[in-house]
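In what follows, chain A forms one complex with chain B and a second complex with chain C.
And now, the complex of A and B:
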């Protein structure tokens, strides 16, 4: 889980266009309040799909799933469970 | 949920259609020529207590759903496009307040006393110099000092701002908030100034009176709508805007084609026994008008079904990419179809449609709907859809 969190932070650093360093974010920090726009969030989704070799189903393509490192990690955990 | 047949025979539509015919249509040419607010229409709507159609019944309003509001806006736009647009925008603001007030005493009182009892009109200020048309980002921020707050905003367009009783304004939540971390703040007349910074001399939608303005307002923190604009935008402002606008554009196109149909009938009466060539053109145009109507109606029905149980799951569903794409596609389809249909009406009618002083004139209709692809630029919407489709699977 913590390894995933580090990979998620690296994706956020490259694509979320946050107004602060992704490394300093808590797991439950609100990414939208940290400056991630809905446009940037699409790039984050794409990069996460590439990084973790997953596809987010449409029901996961909503704001709350990508609102924090913890929420993203939970979604990825669900998609990679049993691998 | 109210069915379409119940809406079509209901009092809201009947009373609005009467005002569209007896008031709005009579003044539409003058409103357009002088680029003035359709005051007569709104006096009549206020008197008939139709301005609170979108206020929930629990707060004393008619509690009309999206399908009924769309039908109402389309009916009014058949008489006067600018009137239909102002009514739609008012409903959008009212819906944001009604659906996101979350038990706030200030907003509940506002709904009941100002919107229902006094039938007040609400404008919004979402545009701003420096955001380049992106309503989901703000430069200005609300300044909070204890329970007092103030806000200044340099807006590029404020529709009917000078004619409204209140302004619902987007801004950043705090001075150090990100550009997209926004809230909506309501300012009532007497607590703000609007200094006009430009003119509103446009091709169409001239009665919406939407020049730029510098806004300066103050009040208490109770006037800040609870929650975030990210949610009220996705769950309310965007669906209400795109569905009600599409509805009123279809109303304008229907009136243009209605004039074309009257022209074709008049010609046919002179020569019974043969179908005139322009009747075939009309038949083809009606295919597109029906598709356009069904497009917005089906989105409105979907919205009313989704919000019948207005719980967290319903709100989340309105925040999904699938719904956002559906709204974008509706807006692009109807905003592009309306000018095409006005163009078709003009081809069917010919010179009598081109003349401004003819009963078959469709010039105002055509000019009004040319705004459709620009108010929230279709280029911007297509780019957003394109981006979403990179991750959306339609599974």
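And now, the complex of A and C:
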């Protein structure tokens, strides 16, 4: 989990265009509050798919799934379960 | 009784049969007859009438816009499938001859063209935002535009056009000013269409964003209630047609074009646009193809 969180923070650093350092984010910090726009969240979603070799199904393509490091980690955990 | 069944082809054929529209070769492109144009112009006048006391600044732009507006607003991130970029011929004598030969031989000829600095305008309000650059006054800005817009979505369904007209209002100012104005108009828009005997209702909506990322953008737009539409059944009862659309852009255009409120914050914007052809079609579908036979209250409003 914590290894995933580090990889998620690296993706956020490159794609989320946050107004603060992704390393300083708590797991439950609101990424939209931290400056991530809707368009940036699309880039984050696509970059996570590449990084973790996953595909987000339609029902996960919503704001709440990408609103924090913790929420993203939970979604990725669900998609990689049993790997 | 509506003019035809709620069916795209039946309604299209009815419009053609009554000379209201004239097919022009390509799906989503057609001519408009005199009666159609009369109703459309009268409806536009009605909107201007109810908004008169708002004292909007009047602006008119051609249907072509500076390509850099498309680029700065990231239009292609969201709607690459709808764009109409204008290409032209920049070559010399030899190239021109090859171009003619290929066309006359019925071959593809796009390779001889290159991009110009203009695009067909995809949304009535786009050309206005660069004019807001700088600090807007305390009371914000309010502009009305009449525009032909282009979207590359050919369809035989008459309410889905490639080129159509919008009566647009654009508000710019603080988030509070903009949202209050949008909410005021949402009610006004529904009431205006209902006063014309149209079974109008409003609902949250999403833009037709491209691709997988687009699904996420659409969901996000719905969740944040950034877009509303006023819907009227025209070709389907289950899927009523959007006749008026309200968009709250938050600080998107303020950021893109450096628009500030007097307190130094990035300005917010919102717009609303009546699809003039769509409202006109809704009137014909609801009241019949002959305006002389429309209900008296409707005639009174439009022919007052």
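As a convention for this text, the second predicted complex is superposed on the first by the 83 of 83 C-alpha atoms of A that agree within 3 Å, B and C clash if a C-alpha of one lies under 4 Å from a C-alpha of the other, contacts with A are read in each partner's own complex, and residues count from 1 in each chain.
Everything that follows uses one rule, which is that a contact is a pair of C-beta atoms (placed from the backbone, for glycine too) under 8 Å apart; a residue touches a chain by one contact, two chains touch by 3 or more.
All figures in this text were calculated on a predicted structure; none of them were measured in a lab.
By the touch criterion stated above, A:42 is placed in contact with chain B and with chain C alike.
When chain B and chain C are set side by side, the one touching more residues of chain A is B. Contact with chain B, but none with chain C, is seen for A:19 once the two complexes are overlaid on the shared chain. Judged by the touch definition given at the top, the superposed model places A:33 against chain B, while chain C stays out of reach.
In the superposition on chain A, contact of A:63 is made with both chain B and chain C. Touch criterion not met for A:6: it reaches neither chain B nor chain C.
In the superposition on chain A, the residues of chain A contacting both chain B and chain C are 38-39, 42, 45-46, 58, 61-63. Listing the residues of chain B that touch chain A in their complex gives 136-137, 177-181, 230-231, 234, 316, 319-322, 384, 387-388, 390-395. Here chain C touches chain A in the complex through residues 74, 77-78, 212-213, 215-217, 219-221, 223-224, going by the rule given at the top.
The residues of chain A lying in touch with chain B in their complex are 19, 32-39, 42, 45-46, 49, 55-59, 61-64. Note for the complex: chain A touches chain C at residues 38-39, 41-43, 45-46, 58, 61-63.
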